[in-house]
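We call the chains A, B, C, D and E, going by the order they appear; numbering starts again at 1 in every chain.
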Amino acid sequence: MNTNISRGRLNAKKIAPPGLSLLALILLSLLPIFVTDYTIIKINSIISFVIIAVSWSIFSGPTGYISLSTAAFYGLGMYASAILGNHLPLPLVMVISGIASFIIALIIGVITLRLRGVYFTIFTFGLVELLRNLILWLEIKFSGTRGRFVPSVDFQQVFYCILGTLAIILLISYLIKRSRFGLALIGIGESEDAAAHIGINTTLVKVLGFSISSFAVGAVGAAMATRTNYIDPGIAFNMLMSFMPVLMAIFGGMSTIPGPIIGAAVFAYLEELLITKVPEYFMIIFGAIMIIAILFLPNGLTGIAGKLFKRRKGAGKNANT
Amino acid sequence: MPILEIENLNCFYGNVQVLWDVSLKVEKSEIVALLGANGAGKSTLLNTIVGLVPPKSGSIRFMGEDIVNLSGSEIIERGISYLPEGGRLFPDMTIRENLELGAYPMKYWKSRKATLDMVFDMFPILKERQKQLARTLSGGEKQMLAMGRGLMSNPSLCLLDELSYGLSPLMASEVFDIVKKLREQGITVLLVEQNVRQTLEIADRAYVLENGRICLEGECCELIENDFIKTAYMGM
Amino acid sequence: MSNKILQIVLEGLIMGGIYALISMGLTMQYGVARILNVSHGEFIMVGAFITWMLTTMAGISPLLALIICMPVTFLIGYILHRTLYKKLKDLTPSAGAYEGNAMLISFGLMFIIQSVAQKIWGSSPQGYKYLTFSFKIGKTAIAVNRLFVLFVTIIISVIFYFFLNRTRMGKAIRASSQDPAAAGMMGIKINRVMAICFGIGAILAGIAGSLLSMINNINTSMGMNYTVIALIVVVLGGLGSIPGSLVGGLILGFVGSIVNRIDTSLYMVVFYVLIMVLLLVRPKGLLGR
Amino acid sequence: MPILNATGVSKAFGGLKAVSQVDFHVAEGEILGLIGPNGAGKSTLFNLISGAIPLDSGTIMFDGVKISGKKPDKICRLGIGRTFQTAQNFAGMSLRQNVLMGALFGKKGQSATQAAADVDEILDFVGLTELCDKQVSDIPLAYQKRLEVARALATKPRLLMLDEMMAGLNPTEVAEAMELVEKIRNSGITVIMIEHVMKAIMSICDRIIVLHHGQKIADGTPQEVSSMGTVIEVYLGQ
Amino acid sequence: NKAGKTETTDPPSVDENVGTEDTGKDTQPAAEKESIVFGGVRSQSGVFATFDETAFGPCYRMWADKVNAEGGIYVEEYGKKLPVELIIYDDKSDMATMTRLYEKLILEDKVDFLLPPVSTAFLYATAPIADKHGYLLIGAEGGSTTLLDSIAQYPGFFSVLNFSVTQVPALVDILVENEIESAYIVYIEDLHGTEYSGASKPALEEVGIEVHGMKAIPPDIQDMTSIINDAIDSGADAFLLFAYPDQNFLAMNQAMAMGYNPDVFLVGPGGNFEFIKGVFGGAEAVEGLMSWGGWNEKSSEKAAQFAKEFLEYNKDDPKVSIDWWGHLPYYTGLEMLQQAIEKAGTLDNARVIEVLKSEKFDTVMGEVWFENQLLASECYLGNVGQWQNGIFEVIDVGENRTADPIVPKPAWPAE
């Protein structure tokens, strides 16, 4: 990609250097040697949130189309795992589930992406509820049951699958951010009309963006279903799953790649910490922390990092003159 | 005593200074025009007068009293009404409701019926269409409504920003007629316009703002012959 | 046959009316104050529990309790806006960022309110009996408490309509929702108006909660369901459109009462299909522009 | 052969016939003025040509290709650029990046290096070089409109549609803008412009079309049109 | 606050425990063992919080305090009584959180024994985890026939609550005895609802009771007018509602309001709680209402004693009220576990499982034992109950009966 683009203002925000991420991934993959099993399980769950938050912000970050459909693809992934898990190895189930999510998102995208703003948001939200109720109804009416067991998979295998997905989604996210496609997504977010009139096929870009951001969610859903052992429509299509990535991305700061990563990691860790240390007051403290964090870090966690950085640079400049 | 007197006003957006030592006076029952290139700071000056942009330094006196630290609604209550660029009507409210909101401060709300009649007298077409939603009006009607709304607070001074913006020539001349009508009603007008010729024809005096500084002022009948104005603002 | 129709209409009106109340409340909060208040349902729950407490413990009539509920919920909403959201607004310059952050704050509020309520009132269902008798029109039994709720909903809606369309504050609210900056130029104190809107949203939620407690049992985790319904209705009707919320709520009520007769468990499925189809046909909601 | 040919173009919003049964053509290399009272349907006509909104009936041919029914990005890539009445820019980006977007996406297979080179040239052409690193939201509205022109030019159009590019300019600035339009035409681009500034329209347009209530009421040289009774009555005034 | 719970917020004691356990729970007889740690993940917030608040929650807290008051559980291996320590986490009613936290209890906190999570679905998800790590798990809330198919896979899994397998036949007997000829069934669309409705329909039809209607309702139902109207129109003698308190209470409220009063009115879980009287303004409101479960002070002396102690223990907490279905078996499960540990003389789960499978235990329910990992059906003190004069009477046909059923049900009280 031409330097003129990456030198510009938008890309000036530090993109996580791929080398550093690679190192982090390698360290993570060596983790099982050093830490306890439960730590792996915990990190596994945190990483799954990171993947979801990063996926979400691939599309919703630049375009401003706030999607609440994460739970739909996550749930589909869980069902894929419950249905296929007995016959196929987990990585394959994840790939199938990811591709299925991609295709379904493609179809949904074609139908919905002419909606704008909150209308799109609510539509995607409705999608989750629709799927939940539809599957519930189908299960009751036709299979006469409601839940399903998910074939269990060794947690280390799940961990490496999740880690692999993380690597893939980070790579995709990084590539998109640097590509013409990523620029088109930003353009759509800034002014969709203008974007269309300078030759950007907005429908195609949006639909593709939406589908790419759904792919990994489906895969993660399939992997994480093996951690819950048992699912039913209420468990698989859980609204909170749709809200989480939004909260995490805003919490971390939306416009950069590290934002959602940090947001998701801090958020998930904090929750785990509170839930085990102060289960009785967890909700109150968690809510209060959220409010305080937003009030004092309105640009998310990475926002303060950016501000500190700028201030130091500014101070340096002043000192020179 | 001038109705509006501004002295050495300096304004900033963040760290960028937009107005530099601006001083101007408006006498009662005058039409004063404010001319200047795009981005010269004309709208900023009006915004500062009505308290939307706080000045860094300088004074703004209205009828002899300093109004720099007053809130927007207090300034309106003192008798200044502001017609922002583009009219800024409430599109999903009727003509009548838009007008009523012009008299929002309690002081005027009580007498809104009487003022309404006065405005309807001035713009009979608004009276006919009281119930029509603002969004469905034509460009010229919108400007009339915006002016009518500005008059609802019985102002002694009207600040008008780019009245003829985007209007057809026919509409534009209608709007200039209305400004003349205001003066006949004894209302003082400070007018920002790009339509320099027509403005100079109806205004009494004018100031020229360039890059945030007043660079020229004078009677309109003189300015219209001024070479600088001719070359810089009338494209001759 | 006519019995069935009467039943369907009444059912639709009663639940639709409550949905409309809830949604109008959310519209006030989102339409003017730009807060997609995810904790809206928690105000419903609080209203319901205040009514329940006053009724069962203090022996007050639920109707009186409903009236007491109004200032209480208003104050909670008003103060929350004057403190939290005002502060957030001062801190977040861009409108888009404010909307996102405001939603996050309301998420935090949701957790806190729900958890505090659970500490006070527990998690089990609660209820009381109010006007649990019926009369008959033809062969149709009509429950008086539900009819009463319908009656109150209509009165509240009418009052609300007059407030918005006829009063000075009402007009200021509508103006602020259409162009807050221009409203400021009219001398409208925009921050106060927003706080009032947030408070009114809370009142409407509180009233809905009160009414729900008269016909249904309540529990401290009931809020989220209603938040979801309100969100959907608000979008269905058209963002920021009060009549839209009213129409949307009623539609939802009627769909419910019709589908209930065909296959109750299909209710939500039909409902979401309907919403999605409607949105595709009218991408800005029924009465949105 | 005309570069653009429209026949029977109509669009209604609800009951309102914003554009009805309009036939017109644009000859290659001309500057065509589009005037008419507020709400006459001028901007709507632009929207129909550029594909921003679908038309109810009629056909529009561009350079022998039927463009009615196509999406805006296709139409842009066929060679029609436009600006909007209220400037639509990528507000969070710098001026340079805005123009770069046009250069990158406006033509198929445009290389990034080529696009970057074009950008500098175009910024210079429209006179925005000095401001090019500023963010859009920091520059005055009139410049934002000029930026739109630059971005449209970056897509390498053969036909450029300008919607009230001169509104809010003072006469001197109008004169500059007129120069720019002529420069654009001289570089081989056909121009359609909507304008209420009569002086500009009368002096640079080769031909003028007048719309009223969505219908074409006049079509001719500036002299012909400005002396027509109906045009004076509904638009120019005395 | 109960003593056991405060200890959960006290990490040092947990950590100490972990430290000692790390040296190898199975290999060395760790002489320093100070307490027996029971860990559980319960829904203390969210939609299922009501389970922990009213069902199993009060039981395990009371049990832990009672055991500790007596000095603890005697474990031969250590040669002394060890006090009970509880680690309870909140899963906020979320399945994924719940399963993960059980893994934390097992892998990180290395608790000695597990306490069950809330509800059937959660139990299903937990059973494989417990089994994988060799822990025993005695389920509390929940149970279902699907369980019977999979229970053998998890040899350390036990269930104490009676469910459709024993309850539906008991109900059918009562209906037959009272010459009920037709029934109208409403059920919630979930495991519980499908199971009970699925089991009831053939059972009723087999004895010649006609099923006039069978309607599924979603959990978030707001209005049951149409269902009540349909039930009225069907003219069925019995109205059977297999749902949870939320739906049950809504149906009761609407039935009262609409004057629907069939001969038999039975609701699923919810009808068996003491607090139901308060919800409808007094005992007379629920007179004649049937529900699942069934034990009361008349069932046995031990049951009476338990009820007394339970009320005494929870008298300061208005949120807790007695459950005339589950509380007795839940508490029984805990007592069985305690006695099994004492009998095994070790904290080794595998050995305790053996004891649980083979021995009989003396509990508040009398002498009880497991049969195929379920509490033997003879052990239960009742399967169907009916409110009569403010008492939840057992009306099973047979010796458990504490009062004759009142059929037809008396009218709902007038306002």
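Methods note: contacts are C-beta pairs under 8 Å (C-beta built on N, C-alpha and C of every residue); 3 or more make two chains touch, one makes a residue touch a chain.
Small disclaimer: the values here were computed from a predicted structure and weren't measured.
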| item | value |
| --- | --- |
| Neighbouring chains common to chain B and chain D, by label | none |
| Shortest chain-hopping distance from chain C out to chain D | 2 |
| Remotest chain, chain C as reference, centres from CA atoms | D |
| Between B-C and A-D, the pair joined by more C-beta contacts | A-D |
| Chain of greatest Cα-centre distance to chain A | B |
| Whole-Å gap separating chain A and chain E, where each centre is the average of the chain's CA atoms | 38 |
| Whole-Å gap separating chain A and chain B, where each centre is the average of the chain's CA atoms | 51 |
| Intercentroid distance (Cα basis), chain C paired with chain A, Å | 31 |
| Whole-Å gap between the CA centroids of chain C and chain E | 36 |
| Per-residue multi-chain contacts in chain A, two or more chains | 133, 136-137, 140, 283 |
| Residues of chain D whose C-beta touches two or more other chains | none |
| Residues of chain C touching at least two other chains | 114-115, 265, 268 |
| Pairs of chains satisfying the touch condition | A-C, A-D, A-E, B-C, B-D, C-E |
| Partner chain A, residues of chain D touching it in the complex | 50-52, 71-74, 76-77, 81-82, 84, 88-94, 96-97, 100-102, 104-107, 112-113, 115-116, 119, 135, 148, 151-152, 154-155 |
| Chain A residues within the chain C interface of the complex | 64, 111-112, 114-119, 122-123, 125-127, 129-130, 133-134, 136-137, 140-141, 239, 243, 247, 250-251, 254, 281, 283-284, 286-291, 294-296, 298-299 |
| Interface residues, chain E side, partner chain C - complex | 45-47, 49-50, 52-54, 189, 215-218, 220-223, 225-227, 229-230, 232, 245-246, 249-250, 253-254, 256-260, 270, 273, 275, 278-281, 285, 318-319, 412, 414-415 |
| Footprint of chain C on chain B - complex, ascending | 50, 52, 72-73, 76-77, 82, 84, 88-93, 97, 100-102, 104-105, 109, 135, 149, 153 |
| For the chain A and chain D complex, residues of the former touching the latter | 1-2, 4-5, 8-10, 180, 183-184, 186-187, 190-191, 193-203 |
